[in-house]
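In this document, chain identifiers A, B and C correspond to the written order of the chains, with residue numbering beginning at 1 in each.
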Amino acid sequence: MTEVSSKGGTLNWLRERFPASFAAARMWLRRFGILPQILSLAIIVGVFAIGTKGKYLSWANIQTILSLAAIPAIYAIGLHPTIILGGIDLSVQGVASLCAVFVGILLKNQYNPNDVGLWIIPISIAIGGAAGVINGLLNTGLRIPSFMATLGMSWILYGMAVLIGKAVNVQILDARIESFVAATVLGIPQIAILAVLIAVIVQMVQDRTRFGRYMYAIGGDEVIAKQAGVKVKGIKIAVFTLAGAIYGLASLLLACRLGWATSRMGAGLLFPTITAVTVGGVALTGGIGGAKNAALGALIVTALNDGLVLMQVSPYIQQAVNGVVLIAAVALTLDRKKLGFIK
Amino acid sequence: MSDTSNGANQDTVVQLHQITKVYPGVVALDRVDLAVRKNEVLGLVGENGAGKSVLMKIMIGLEQPDEGTIVLRGEQIALRNSADSIKNGIGMVFQDGSLVPNLSVTENVFLCHEADFRKVGILSLRAMRDAARELLAQMKLYINVDLPVTEISSAERQMVEIARLLWLSRQYGQENPVLILDEPTTVLADEERNRLFSILQDIKKQASIILISHRLQEILENSDRIVVLKDGRNVTEIPAAEAKLSRIEQLMVGHTFSTDRFQEDEQVTPRDREILKVENLSKAGFFEPLSFTVREREIVGLVGLVGSGKEAVCNCIAGLDKADTGDIFLGGRKLPGGSPSAAVRAGIGHIPIDRRSEGLALMMSVAENVNLLVLNHLKTAGLLSPVREKKNAQYWISECQIKTPSIGTLCANLSGGNQQKTVISKWLSSRVRLLILDHPTRGVDVGAKDEIYKLIRRLAKEGIGMLIMCDTLEEDIGLASRMLVMKDGRLVKEIDSSSHNKPAPQDIIGLIV
Amino acid sequence: MADIEQADTAESQDARKRLMRTGRISPVYFTIALLVVVGLLFYLGNRNFLSLYNLNTIISFSAILLMVALGQTCAILVGGIDLSVGGLVSFISVVFILLIEPLGYLAYPACLLIGVIVGYINGNILTRIKIPSFIATLATGGILTSLAYIASSGAGAPRPVNLSPANYHVVDNIVNGRLLNVSKVLYIGFAVLVLFYIILRFTSTGRNIFYVGSNIKMSWMSGISISKTRNIAFILSGAGAAITGLLISSVRYGGDPMVGNAYILNSIAAVVVGGTALTGGAGGVINTLFGAIFMSMLDNGMNVVGINQYFQQAILGAMVIVGVTLTFDRTKTPIVK
């Protein structure tokens, strides 16, 4: 066996040496479908580790990345099931703003006597969920394409948020959730653990419940799924509701982390969330990808942006980089056979 | 002639009695009787359009009969949708398959019926996998049940669907399910075909099977009884042992049409000049290398049944698909493959089979559709001239006798026949040299059909060469001056069909089945 | 299983009868009716609404909105959508001011060219990389917004870019002021409207936009170049957005990298409320004209009557949803994703 320097050569060498384990590893990776993501992460870490002369790999920085990636990961976990269905949910910004406003009003603040404490958790989730229900009804009942329905809803919700919040920035005085967000357990940010927990639960639902499998069936071939007896309308509404509910939770966490509830909180959320989802490997054509992909995608995007910040790249160039990454990720994950003619 | 009306027969699982189905302008089924017995393989044959698929759609609840009854295991029932029929133990394996592509074999088999595998709301994947493996093993199929179904072969996919149907019937407690297989062997290789039929013999012991196939030899060898449909009516029913291939062929064809139905008097002799030359054209999986020509004024009919590859040949000529080998020459010049615009520029026109989704812009006006190909000729000073557009549209509307309230009427508001005429006039106005007609009179009422035949005759007189595929053999024979017979991807024979020398359908049917 | 598929089934005959009733009335009439009704409502809310001065304001604003809405019309007609118009308007509004210093009057055609190039890139991402237009333009819009920020202030927070008074003459001579007592903006708006109308109705590429939007498969089979048609549609969209950016900066004597945000919603609303179907292939420039006037009237009226400015956005969102519901061509897709 000659020593080969190229990666491909090494892989082949490994394959010849350890055929059984190689095949098993491939099968495992294939099943979990995250090989490209792990490779990308490795490349990013490698590039920035060198670029920042090791500062990137410091424990403090890794903690930062994990902590920063958690909330986008939760948003991504919320959004991606709508894409698995074959549609999309563009209402993140509106839902986030609306939830933020309610958080400002209901948690202890300086403008009114409200102090709902931890009840805010189910309340925020419920508000997001309600928005999701409407999205689902618009899509299944009025048969408006999901991108249009959710885009319209985003504008409506955003308008409502500003109307209710009256463009006032409310400082959140209830520090309980805030401290949860900031705390660490054994050095790992609690909020990251929460994100992982949510990812695991959602992934399990996707893999091991009928609801989860029907979601993939609809994304695979809606007509056949319907013929087989899948209750397409009900599942679609449920998925949009779930998405909204998860946005509600994420928005609560985000508001508490910022310490301020503003009606503008939603601004700029859509872009990174979609980027995270597609980078993670969830194909826009539907039927492919799960919560682990969404969470991994958020991690990769955060790792990328963190590195860019450490290397002092202008924040606006960062956004341009994100735009290019989005286009590339979408292009690579699309199932061309499904597309036919693209709109 | 048949004993299919003996409903009290103990052995009968399903009895379709005097089923009639009418669509506007066409009688699809006319008082058809069909009995399916226990533990038998029933072969169902008939030409395209004989009514086989409509009958099967009614049997699995996708369509409702206008008249007639369905008696299932002694009781009369109504099948309102496909779920109803599955619950009653009738299932169909379609040609294109109905498995969800991204789900695994296991998931597809148990889709929507996973209740048994639940434990506290969570599915036990291992139990499902084991159950799936067991089911498939009964059909002697040993594959990795975790693979998404896109990664197994078509033969294996078919088996999975059969396994699913059998399992579903058992779930619903139906003891002798009826399994309908629609052209199962078109996608199979020889060994796979043999395997399928040996498995069918096994399955027969616990089910009844209806086998639809255009390959009469297969039907003869594998069925117990054979039912022939023609023009939506029962023609005959014979035990396979007594059946002879030639006799069945004869029964499948032979309609009575008035003489000159296809205006054969108007048929013109082709000139000698070639318009289209196809040399060694082939496409893997569709058709093998073949060559033929079409001359000016010639109408060449392409005949063949399912899987013959004729549609794929036409698609390659029209540039909609790229062939693997060979060349296409139009007027002596070679065409680049896979480009509809190159084909159109060279002068090839294509009247597609589905005028609504492929032939017209439904929400645009008749005039806009008619003028689509010739906009560059309707300009003054570089801009489209409404006056010239109007003139062109009006000319062709009257030439092709398109009945429309105005030239601005949306195409969606025209009848099928007039829509078809609009499509034809669109190509006519662009001075095509070769026109491919894909079932030009499908879904068109009788009066409009006549007008379309007239148009076709006129096209020939003006020197246009045509490649035509029709709904019935009679139509092909009547319209064409020469016929190319295809079967299973091969060009089998060329037959002369000039007006004084028309072959009989019986002569051709033997070649395509 | 396609035996009797094509037959004139009872179903399709019913569908045809339904279409005959609604298909005869052009959606434009609904928009005009809506205009009149809502206009009256605003008048009842505040008499000043129909004052000459106010009407002038409405028309001027609608002219500026109309430019980007005309471009959006093309993108939607061809079957897609252009979500990058916001970023493009912002970017042009800033870059235009920056370019006046070195280029003077040539800043106008230069920015128009930029709009065309952006549109071309959008079209190519769609046709070559085959990404759906709403994602592709979402991405390019984001990139353009960030470029607008950078152009306005480098790495700092985005801020408006003011035109130096020395250069006021450039914008004054072209855009500002009046001719025969009608503001020049209206002339420009009218000219661009006529140009778009001619392109869409009287050129074959324009007609092809309708064909492709109406039935893309048929267009492809008939030899129409799908990629060329789409590119032209998105180029027109880019051009429209660029003109809007130019007008805004000219009128305000300065550029603002945040100014474009509202135009995504407003342009889509103008197109959809005007009666052009999101499915493509139906509608057109005149529809959008009335849609833009309506949107402008709505915007102005809500201010005059005193409705919260932010609530207006919610109303717009609702109108878009209603507009889409009414015009969506459901015969096209059996499945709505």
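List of remarks:
Criterion: a contact is a pair of C-beta atoms (placed from the backbone, for glycine too) under 8 Å apart; a residue touches a chain by one contact, two chains touch by 3 or more.
Everything numeric here is computed off the predicted structure, so don't read it as measured data.
Contact topology of the protein chains: fully connected, every pair of chains touching. The most distant chain from chain A is B, comparing centres defined as mean Cα coordinates. Two chain pairs, A-B and B-C, are compared here, and B-C has more C-beta pairs in contact (counted per touch definition above). Centroids of chain A and chain C (each the mean of its C-alpha atoms) stand 31 Å apart. Inter-chain spacing, taken between the CA centroids of chain B and chain C, is 45 Å.
Not a single residue in chain B touches at least two other chains. In chain C, 217, 220 are the positions where the chain touches two or more neighbouring chains simultaneously. Taken together, the chain A residues at the contact with chain B in this complex read 31, 204, 207-210, 213-214, 216-217, 219-221, 224-225, 227-230, 287-288. On the side of chain B, the complex with chain C involves touching residues 23-26, 28, 48-49, 51-54, 57, 94-96, 182, 318, 320, 340-345, 350, 352-364, 368, 372-373, 375-376, 379, 383-384, 410, 412-413, 415-416, 426, 439, 442-445.
Contact residues of chain B toward chain A in the complex are 82-83, 98-103, 107, 111-112, 114, 118, 121-123, 125, 146. In the complex of the two chains, the chain C residues touching chain A come out as 79-80, 125-126, 129-136, 138-140, 142-143, 145-147, 149-150, 154-155, 216-217, 220, 226, 265, 278, 280, 308, 310-318, 320-321, 324-325, 328, 330, 334-337. On the side of chain A, the complex with chain C involves touching residues 85-87, 138-139, 142-149, 151-160, 162-163, 167, 222-223, 263, 270-271, 274, 284, 286, 314-320, 322-324, 326-327, 330-331, 334, 336, 339, 341-343.
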